[in-house]
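Read the structure below first, then the notes.
Labels run A, B and C following the written order; every chain starts at residue 1.
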Amino acid sequence: MLADFLTGLQNALHPLNLLIMSLALAGGIAIGTLPGLTATMGVALLVPLTFGMDPASGLLMLGAMYCGAIYGGANSAILINTPGTPSAVCTTFDGYPLTKQGRADEALFTALVSSVIGGIIGTIFLMFAAQPLALVSLKFGSPEYFWLAIFGLTIISSLSEGNMVKGLLGGALGLLLATIGIDPVTGHTRFTFGFRPLIEGVTLIPAMIGFFSFAQVLSLVDEDQKYIAEYSPIPGVIGKVFSKLLKDCKNIILRSSLIGTFVGILPGAGGNVASFVAYNEAKRWSKNPDIYGTGAIEGVAASESSNNATVSSSLIPLLSLGIPGSPVAAVLLGGLLIHGMRPGAKLFIETGEVAYTFIIGLVVANLLMLFVGYLGMRIFAQVLNVPSHYITTIVIVLSFIGSYAIRNSLVDVVIMMVCGVLGYLGLKVGIQPGPIVLGLILGTIAEEGFTLSLLMSKAQGSLLSTFVTRPISAFLIFMCILSIVSPIYVRMKKSRKDKLEQNV
Amino acid sequence: MKKKFIVILMLVSFILTLGLTGCQKSEEPKNDDGKTEAKYPNKDITMIIAFSAGGSSDVQARIVEKYFKDEFGVNPIITYKTGAGGEVGFTELAKSNADGYTIGGLNVPHIVLQPLARETEFTIDSFAYIGQMVNDPQVIAVMKDSKYNTLQELIDDAKANPGQITLGNVGTFTGHHIASLKLMDLTGTEFTLIPYKGSADQIVALQGGHVNAIMGNLNDVMRDVEKYKILGITTEERHPLAPDWPTFKEQGIDMTSGITRLFAAPKDIDPEKLARLREGFKKIANNPEYLKDMEKIGQPAEWKDGEQVYEELKKETETAKKLLEKFGLLEKK
Amino acid sequence: MTMRKFNYILSILILALCFFFWIDAAGIRPPAHIYPKTVIAITAFLAVALLVQSIFFPKALIQGKPFEGTKYGRVLTTLLSTIVYFFAVKTIGFYVSSFFFLVIVTWILGDKSEGVKALARLGILGIVVVGLVYASFKLFLKVPTPPGILF
């Protein structure tokens, strides 16, 4: 193993491989930044290229592309309130307010550094704890997914600013949207109301582009400001961000990376779920939760460190069990097989050299990302120097192509436009896009988990033993209750405190 | 300001180009073989794949892509039209221009079952079949430490405890589903079928002990085969890739089943062009290099001519219809 | 109009939506019907809760007039031109439509005092953006763009 490890290190640091990784990172960041182009697509496009390459270099290229694409989503989230990937939805909550305050540089750099740290922490787990974590992921059956989704939904209560009922309503509408199409268990077509193309359902990415990008464009037009925000590069931003992260965000980044690592190993949940959970936990444990959503560096750090931690951990089931647990992992599986590598328990024994090259390469790619991402960030930030009416039209064109490219379907473009208009109107009447998109993300997980558990309970003859008494389920139920009760408790405590202050 | 703006745009374009050249394919299509215009094909052929990039259907198509250029002299352009269990892509192919420059991958029994299960815009008559490339049979797999050692033991247990044994499937109205129904019908047993979203989820469920057994694909269980006991495989004879596995037939259950991958064109394609495609695909399918690649990705290659495929599809439609009716799954259309 | 009135409209719209979904859900075979019906019920419940809150506890709402100061002209122009753009993409083709969309809509939304000079600049912008999109999507990524008669 040590020999393999050392060869891996040597391979990963080979100048040619460093160059390949840097290019793939740049490509990945560009793909991630553009809404609608996903990490899966980026990696899938590169797979045929690796046919003619040495397996190690090919895999390094794919890994770097994956890291870059997940990080890249943050750039557009921060600068124009448009998450480039679903994983970056939570980054908009604080990233965009920071931009509005003229602190785009800080937000962008925080996102970069947190992504790198998250990515490295995830990779360390991939390297040293892949087998045990893979076994944990196997313990997640349908009931556990159901409760995980419910736990995710409790986050809405802390996401909704102002009116709690409207926040919940947004989440419920998201769940409702997610039920359109073919139902996953009986194959029945439902809620399409005779409109055939809807059989495909409301896909997450076009809907997300609508609710965020297109709605944002309409808001920009409405605001009629010359520029999105004041922007001038802040000198010494690097030092400022580092000292802030060291002082206030150490625990947040560590916790979020652990959450990301854990959520990432679960097939069926990915960076999008991880960042919501991490954001919520950061807010829950914060001394002043009120700053979240108004431009808190902590929020950006939580969201970005967790989603990049999922990059490596989502490969854990693939590399140690041979089970592609995420769409990107499925694409990578194709790549591995074509190179004659069989993922699974024997991967590290039979082809240890390449496997270690790949894992160490992920660490190196993350470190390289610090430089490539920094260059990219300098360029992307110039968007703020472009008058906003230019941005409007360019974003519309990109939204079109982004929603089309997901499935090569014009129906998705229509879905994007409809969701955009709804999102814009929703913003006006106080329904935020965050809960709706969260509902859409979790809806399919919740439904499949619920109905399959129901079938299982039929076979077992007991609802209780399927839904409640399995240990992980019980723990998740406890977390749900905690998550519902704690904000209420905090509110009560706060209102009591306010009253006391008034009385004084 | 104006200048600055243009400079920025140039910079962005430079970086984009830089980043993306990294992903660019090194070999560009070259058109130096001086073919006459009348000869078919004389431009790239679009190949519609109904499942997402990286899925089994895609990986297989990518292998075909490798040999396509040598055979036809043009490139295939793989286009993904995914959604609704392949239905979106199949519909797209059925409605495509039948000029010979759009072909696509089809999966059986998906194209048989979807028109039965719901209203679709295609049936098996909407296509002209080029040929079958893959036949991925189903297996019943349990974990190594399971109490079942033979198919009979599993069936006996299911008979003794109707509905209490869970059998993991992938989706509803899919190959797995129909194979499970066939099994239940032939043996008079009742399993509780759990339809997972994909084969990865199904394998997780088996390895995590969430289901008693799965009706899986050969391709999926081959990857970590030491972990399972394969109780039976749904082929006529023992499979060359896994000669140790007993077939259903030799255990007294007279059924065969499998997910097959075909290539087809829209129905109205010119017969001459169809003949050219059939000839070419047949050659690819029998190329030893291709077969080696297929073995690498673990997909059992099996070539069948287009006409034969169509005949079998017609038969399969009849059996499936009866089966679904029997289980009350065809209530309305 | 006040937020309160909008809440009434919103609740009623959502209740209507729930009603249609509920009717459609009748055709789902058990046990798949439980989940969607539960979601519909929860949505309807929340819509009623919003209604009740708006009627009886107006203090809990954020007051104000949500659509006050909306620049309807600009928003509607953008929306309509996007719809026109969609049909143009569908019939004419993606790249040509995008070019005209970029030039025309940016000009409409921008500061028109600059006149023709601005249009010339926009022409360059259109070419650069469309060229970039073409280079990155069509040539490098090989992502298909919506087809149309022209380019």
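Definition applied: a contact is a pair of C-beta atoms (placed from the backbone, for glycine too) under 8 Å apart; a residue touches a chain by one contact, two chains touch by 3 or more.
Bear in mind that the values here come from a model prediction, so they are computed numbers and not experimental data.
Novice: Which chain's mean C-alpha position is the greatest distance from chain A's?
Specialist: B
Novice: By CA centroids, point me to the most central chain in this structure.
Specialist: A
Novice: Need the CA-centroid distance for the pair chain B / chain C, whole Å please.
Specialist: Computed value for the inter-centroid distance: 37 Å.
Novice: Once you find the CA centre of chain A and the CA centre of chain B, what distance in Å lies between them?
Specialist: Here the centre of chain B sits 30 Å away from the centre of chain A.
Novice: List the centre-to-centre spacing of chain A and chain C in whole Å, with centres computed as mean CA coordinates.
Specialist: Going by mean C-alpha positions, chain A sits 23 Å from chain C.
Novice: Which chain B residues reach two or more other chains?
Specialist: 12, 16, 20-21, 23, 79
Novice: Going by the touch rule set out above, which residues of chain A reach two or more other chains?
Specialist: Expected reply: 30, 41, 45, 185-186, 188, 408, 455, 458.
Novice: For chain C, jot down the residues that touch at least 2 other chains.
Specialist: In chain C, residues 27, 29, 125, 136, 141-142, 144 touch at least two other chains, as defined above.
Novice: Which of the residues in chain A end up touching chain C in this complex?
Specialist: 30-31, 37, 41, 45, 162-163, 165-166, 168-169, 172-173, 175-176, 179, 183, 185-186, 188, 190-191, 193, 217-218, 221-222, 224, 387, 389-390, 392-394, 396-398, 400-401, 404-405, 408, 410, 413-414, 417, 421, 424, 428-431, 443, 446-447, 450-451, 454-455, 458
Novice: Hey, which residues of chain C end up touching chain A in the complex?
Specialist: 3, 6-7, 10, 14, 17-18, 20-21, 24-25, 27-29, 31-32, 34-36, 39-40, 42-43, 46-47, 49-50, 53, 60-62, 66-67, 70-71, 74-75, 77-79, 82-83, 85-86, 89-90, 94, 98, 101-102, 105-106, 109-110, 125, 129, 133, 136-137, 141-146
Novice: Residue numbers of chain B touching chain A in their complex, please.
Specialist: 4-5, 8, 11-12, 15-16, 18-23, 25-26, 52-55, 58-59, 62, 65-66, 79-85, 87-88, 117-119, 121, 163-166, 171-173, 192-197, 200-201, 203-205, 207-211, 223-224, 226, 293, 296-298
Novice: Give the list of chain A residues in touch with chain B in this complex.
Specialist: Chain A reaches chain B through residues 20, 23-30, 40-49, 51-52, 61, 65, 137-142, 181-182, 184-189, 196, 199-201, 203, 267-268, 317, 321-325, 327, 330-334, 337-338, 340, 342-345, 375-376, 379, 382, 385-386, 407-409, 448, 452, 455-456, 458-461.
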